[in-house]
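For reference, the structure discussed in these notes is given below.
By written order: A, B and C. Residues from 1 in each chain.
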């Protein structure tokens, strides 16, 4: 996707979350790197000596660096620039796995009214890099569709991608523990060996009877 | 010989709109549909629900749908909801069910009454990030309990969970888990609570089939044994051995048996039939299919039939068929997969009704339920 | 004949305060967020530029550009849409102290219209020319930007642009949908959690909704396959 070059001057500097209106990227010109690298004798290495607190000022220089030659780089494109047309998407959960295959339950995400399915996948269908992620409970996406390359070649493809989510943080465990402690405080000391007597007529009054 | 009628209702999407009379014990088993659910009329318009499964909309608990179809108001009529164990496949929709049943108490295994397990549930919830996770059912129930200012009634071996002395005398006991299992479950959960190094997975609840709640209900002089998913172990202090060997359990023999763990051999023993059940009991079960494992197997059916000729299943699961279709999706699935089968989401329904006074029995089979015979 | 877009892109843009040098491919590999070998060396990385002021690299599935105030992840591969969300979510779960105040969940579509009349029809429909006759000679729609309020509880807006496509010629139309979110209180916001939780909840809905918007603009109705 190319950058659209705007000839109009925007009324205000708006930093947007839109991707198609990304601002041109300003980088240092090569001359600035050379200036940054060179030092004069007796020059203080730290930036704290700059008189006006301007971080752009290199110690020993009298004026801030000028970005005289902006370089506009085209943004990296994911390669290749073909198009994948999704015909079917499943969300799968691994039920069991061995050295040869894995069993998974599949939820139809393309048509959620369809019944779930269970399927056995040979391990050869899983990318090498994802095989270490296979274990009971692991979640993956299975896409079935057509890939049209930039040159127009069409192939029918099946892509399985395992979800890569971060390891549990201490924060999550800590919050879960706090919730659990809170719940346990409510539950403890409530009944002991007693059970609920159904003969009570007021359902809001919990009458417990010793077993 | 007591009068009995077995009626097979073919292709009915809804049961007859007839709630049971006050003197009628009803045991309705639903499943599979991500698990199973037992809906019991314990006489005097008091209803109890054991576990939960959902209909093919993936949301509505089968128990709720049934009660409303027969004109029973779940918000007042349901007195107890029991979660026999916190396995993904037994609790779908249970939070929704509990929220709808305002007057119901909630009961679950004492093995869950531990801070480490509750922490694990919240950690699992945070880790899940997927709609297919079932861990939010447990935390949702905890939240509802909090809003009601309630606590669960913790189930442990031989503890009564519910009782009614007015009208027809009725009582429900837990027969498991044993004290030994409760202690062991606490230890195993604690060991699991390590920050997950492989963060892509759901954290499943700890394997606590051994912590599952088997229960015994007595309505008048008819007893019902609800086997949950309890399995056998080599220890006398766990599994069915602990149940049978308990000196303090109620010694009634059950007329109706919700067969444990889909009729598997690992959850059966001769002593269940000789010590806990009447002669020729009515046995009801839901089938199970996961991967290459189908229950009950042919051997299981033979074994069950050796004890009673009255074995009913909520569904006969179709054998795994080839992927049909000629479109690109079907072609891709045939190429990529070794096996694939749909999971039926319309639960079958076996309904047993026995009049406490006259002993007339009616067994109705809905939505694919069948008599299982050799 | 109604066709699907010839080119598509999804992107996640965060505005906040970033240290571009952190976002080296090796950092992502070290956290297992991208494929890597057993030594945690990232695989499949195309040209990489990592400087204190800017990081820019791409793989066959996505590209990333980070500047001091802007973090942008993009993909043109529809089979990577869910993984794009995971990558953004995971990055700022780990770096949850990074202050992010705005987020854009963006879709770009480039359609090829069957002929020049169909191409002009879009401009006529969205910007009727009667108001411009007498002011401009042969007026034509060069760029249209519409903004609507959010209908959920989040702070932000939804902005849609329509313009001739620079990628598809002739008769190409570019539609961009910017699903924009902001933290409720920038003064009190201390990290990234508020917005990445919205990302987790809203991504699927956002990208599907954007597809429907684009199809409705182009064809006047939602296209059913």
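Quick note on the criterion: a contact is a pair of C-beta atoms (placed from the backbone, for glycine too) under 8 Å apart; a residue touches a chain by one contact, two chains touch by 3 or more.
This is a predicted model, so every value here is computed, not measured.
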The pair of chains with the most residue-pair contacts is A-B
At the largest C-alpha centroid distance from subunit B we find chain C
Note: subunit B sits from subunit A at a C-alpha centroid distance in Å of 38
The distance between the C-alpha centres of subunit A and subunit C, rounded to whole Å, is 14
Chain-centre distance (mean CA atoms) for subunit B and subunit C, in whole Å, is 47
Where subunit B touches two or more other chains simultaneously, the residues are 129, 199
Residues in subunit A with touches to at least two other chains are numbered 163-167, 169
Touching at least 2 other chains, the residues of subunit C are 32
Subunit B contacts subunit A in the complex at 46, 56, 58, 79, 103, 105, 113, 115-116, 118-120, 122-123, 126-127, 129-132, 142, 145-146, 149-154, 159-166, 170, 193, 195-204, 289-292, 328-329, 331-333, 335-345
The subunit A residues in contact with subunit C across the complex are 1-2, 4, 15-20, 22, 25, 27-28, 73, 75-81, 83-86, 89, 109, 127, 129-130, 141, 143, 145, 157, 159, 161, 163-167, 169, 171
Interface with subunit B, subunit A side, in the complex: residues 87-88, 91, 93-96, 101, 103, 105, 107, 112, 115-122, 125, 133, 135-139, 144, 146, 156, 158, 162-170, 172-173, 175-177, 179-181, 183-184, 186-187, 190-191, 193, 195-199, 203, 206, 209, 211
So, in the complex, the side of subunit C touching subunit A is made of residues 4, 6-9, 11, 13-15, 31-36, 43, 46-47, 49, 53-54, 56-65, 67, 69-70, 72, 74-80, 82-83, 86-87, 89-90, 93-94, 96, 102-104, 106, 108, 159, 161, 163, 166-167, 174, 176, 178, 180, 204
